[in-house]
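In order of appearance the chains are A, B, C and D, and numbering begins at 1 in each one.
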């Protein structure tokens, strides 16, 4: 079988670099085209220094890609990953889709099903006509819809880490919803992207643990709410607190909700095992708790639960690698399912430990 | 004025090392005696490598101290810091107290006013007779009681970071208490003490963000509940989630509670400014958020608030240095107040930045 | 083709964990047996928390393996990796070798060709009879000897990083050897192994850059000397300075030697390109310098050179991942060559970036 | 005694921030004026977030300072620290000096005594007339010259860490100089300043150990050579290799030189104890080695030596905090000596440990 030809737009960012690493590990994929905005004309080896000297990749030149170029790729590529800023991603990904190329978009552009919600948080949408085609690419939850999908909206990193532990509780009716759900997340600094800034400057980021965009001002809020509302069968709001932790990769998310009377941790674990049966999700046995180190570099998520009888609250915990399961590895899982392959084909199942 | 003569029991741990650093900066204190359990007979320079070559300290020999030695210190020292494991701290600190020496205890032994609660979480108390003498040494909240206090229970690190942002909300009645308070804390690894272990081994702790002792199993839970119950005027429970963050020092604590209708962040800030008026507490203006880096090495706490109208929740945030404001620097502030000195005498007001 | 059956002795250490990760990525290998000394009876998921929940591995039980068990493995496994303390590794690896199983030993036991040198640094050798069978598994330098090799001594991490930049200079006669070669190396903390200790305790290792075992006292010294002496055609001594850097993985080694008159950096690069032609080695163009981040998690080494005309010295620089190219990935490369496969089969060519 | 009034130009950088922290700890200094270039008009609390809420400092406004303003400061300040980019520092520091104000310059502008050397490395010098007035402010080596000094050139961070271990060897004639001296230094990222950049972006700096500006291209080279040539009594060249280590603060420098026949480590230690007798320098006993963690935040330097008989080389090792002993704390030590105070007045003698 000949490998799928892959194009990547946005190769110079972290999710782009991670995609290149993962595509190189995948037995059925071959990277044939890389595009970038600011770094067009440079080689991959220059733009991503870890690629310098990697045969077949180091000397690939980043192409300046615009809508008009989509047609030219029609016969050269089978699938495109778009890892661009919002709006640009929809515009260019849309053009590729129109040209008959399967598109996996890693921006926020196709994640929100409701156009109004999108516009509230992001502004005008360049391709609202495509919203209905897009499948939300959380593979364990949308496996059926992903079969044959041609436009896949890859989930955000924070939402992935919040949705995974919440959906089993909500689908199984284990929480009462009489109190707002709280999502307290800690992310490695790579989640902020590759553009340097004071908050990410090592001397000011190492030994710095800090919240930002709190109290419903972070754009991942509506994505979390969309997916947990589906699971609950009613509209839910969350209080979402993103925080930067002094590390490169990884997200730990704690979710807090009111437990149904008599709920035990084992009920939660059982619900999770049933909803999230996957080669790439570890439902931790009671008493063991997730750790970002234990998923680093892999497509794996770790999930654990605890119930506090004194306060009547349930705590769900989830760790992922924000660039892998929170972005690029999850995109490849979605592609795998869309093509009828095993979920974890070519995706590292095991974290780099330590 | 001649300086106070200080004894330190438990010099080989991190809070001990931090006390030595701070005593050296304090114009009115002089360290004259150091005791330790396992390292007796060694020099400070051997036990704390940062003290090697520090004149007047490097060659001090750690003494093996037992109850019987308290009397011998009566004329040699004015004040003793005890930074020992629980029970040992009460036993030896109690003996020093009996010998007429002022005692600042950094263990948990005198923090809980209720003997039963202590015994539930820690086991038998060697000196229950002293519980009523002890003043809880959170300087801004117990300034009056600290005047002349001879037995001071220095607060725990997590409790300090939770109590500071919660007490103003509770005293001012800004939260409704119809839902349990949640305390989500992230601590640097030094909070686990100096004894090496797999969870603190750099390769397994760097890049590792992980919860531990969740759902009401961490011993700091009753201390938080004690103090916020006083502030609220009724018994309160909290769900406390401690987490290790991949850094050496620092705690970031988020507290979540149900906001009174119409509450604004500025109301919270105003309450905090009134209750926590201090040379060592920064109530951040709206829109600025705390950062552990900004308090590192100092006696300072940073506090901020946000209110989420959609969910009706208030979020309080606090950062401290767990070894400084969360232990040793706070102990010195308490000593300062007990002696009628300015709160921040000899205490670094400014974090080491970066 | 059916996959090779692999046994791993020493599964609970970091090189063991890394081998498991890499074997899982390799299309021709299948892990069928894991042994360990202290953790026998436990599951892999317990001993290596990143393996918890990994299907097919999580529940594998670590076997207590002794010499007498070698025969039983004869028909079950094709190849064994031994990642045990020295002496134990030779003893048990030797037994497996005697049973007809191909052995890749990751300890120091078969690296030194001279028995006397081994005994000086390590003590009695349990299997001196095998020293002559062992091939030194640095794949680019011993490709021919590795073909069909049944006992492979996998190089040490520091030696790999020193030998790679030095051998091209020495083979091509670009340095004068009128002054001792200096090897100044900085290693991530995982190089010290998985056993916790004060020097590796995060609070004392983060922000700590420190030398240890300096001035010819580190056991990797004779291994470096052995290999560079072969390349130079005469006995050479080095001054080797190992240092711990505050990171988990990675080694940066600087080598200093006296340059032949008129030497230019491009001469060094040319020599390196010729000697180290490999899918897994990047010879950096002039003006670009190695970085541990750019090889992390991969089998890649980065090498650069600079010549200082004022002092007449040449500086060679090399970065590797100590657990990957410095241990487990390099072992798999050696296995690949021994089986007639491509050097990089199943080995990540691309670092996890960032 | 009333405290000295201090002005600080360049308050927004890291050495500026560190000066503010240290001035606040100093019993004889009072900060009365802060200037900055890009941040003029902002408050200190905005520009240095760790100062937010610090009474008396948080609301100080950064002034835009130009040469013409020097006269206005004549009666308001006694001493000025200039921590500006080169050329700007000499120009503005020169104006303050002309106005009768004592100046401690933390840039490179007054460090090199030879104008030609300065111009080769930095370009035109705005105040060559002042070069002869400047005293090189390495306090232990220039204590006499610092008495009453009115223009003090505060040493660079790398040079401080190289000069301290080399000067005793050279003054005592313990090295033969028949081979160039090698200086291999590892610095925390704060040494690169506060301006964000890709190399300092946490995701690309954490876990990254890398050389830069190698082989005589770093501007600190001539400063090291100047001072060791003075000590040796003849012109010396060094090969200097600066490297970034994945930490915020600290420098570890290894110096390599040819040992005089029969040299022992204890000879080196003895020489160092004699030349560097200081309250702020630890000459480590044989067998103990420096660590950046053990000097962090303090004015202390740690120095150790080892001699390798096999290669005939001596290794000197030194750790400092690049922002403290390598810049701001050392500047205050120099000021102390210039005023006839104790070297360590108001300077932390003890590192923040851990």
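Just so we're on the same page, a residue touches a chain if its C-beta (ideal position, glycine included) is under 8 Å from a C-beta of that chain, and two chains touch if they have at least 3 such contacts.
For clarity, every value in this text was computed on a predicted model and none was experimentally measured.
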item	value
Equivalent interface to B-C, taken from A-D, A-B or C-D so that over half of the residue contact pairs match	A-D
Reference subunit B; chain at largest CA-centroid distance	C
Subunit C and subunit D: spacing of chain centres that average the CA atoms, whole Å	39
Computed distance of Cα centres, subunit D from subunit B, in Å	35
Multi-chain contact sites of subunit A, meaning residues that touch two or more partners	14, 188, 190, 203, 205-207, 246-249, 291, 293-294, 354
For the subunit C and subunit D complex, residues of the former touching the latter	179-180, 182, 184, 186, 188, 203-204, 206-212, 214-216, 237-239, 241, 243, 245-250, 252, 254, 256, 258, 289-294, 296, 306-313, 315, 317, 319, 354
Touching residues (chain side subunit C, partner subunit A) in the complex	14, 17-18, 20-21, 24-25, 27, 48-55, 57-58, 190, 248-249, 279, 281-284, 288, 291, 293-295, 297, 300, 302, 348-354
Of all residues in subunit A, those that touch subunit D in their complex	14, 188-190, 194, 196-198, 200-203, 205-207, 246-249
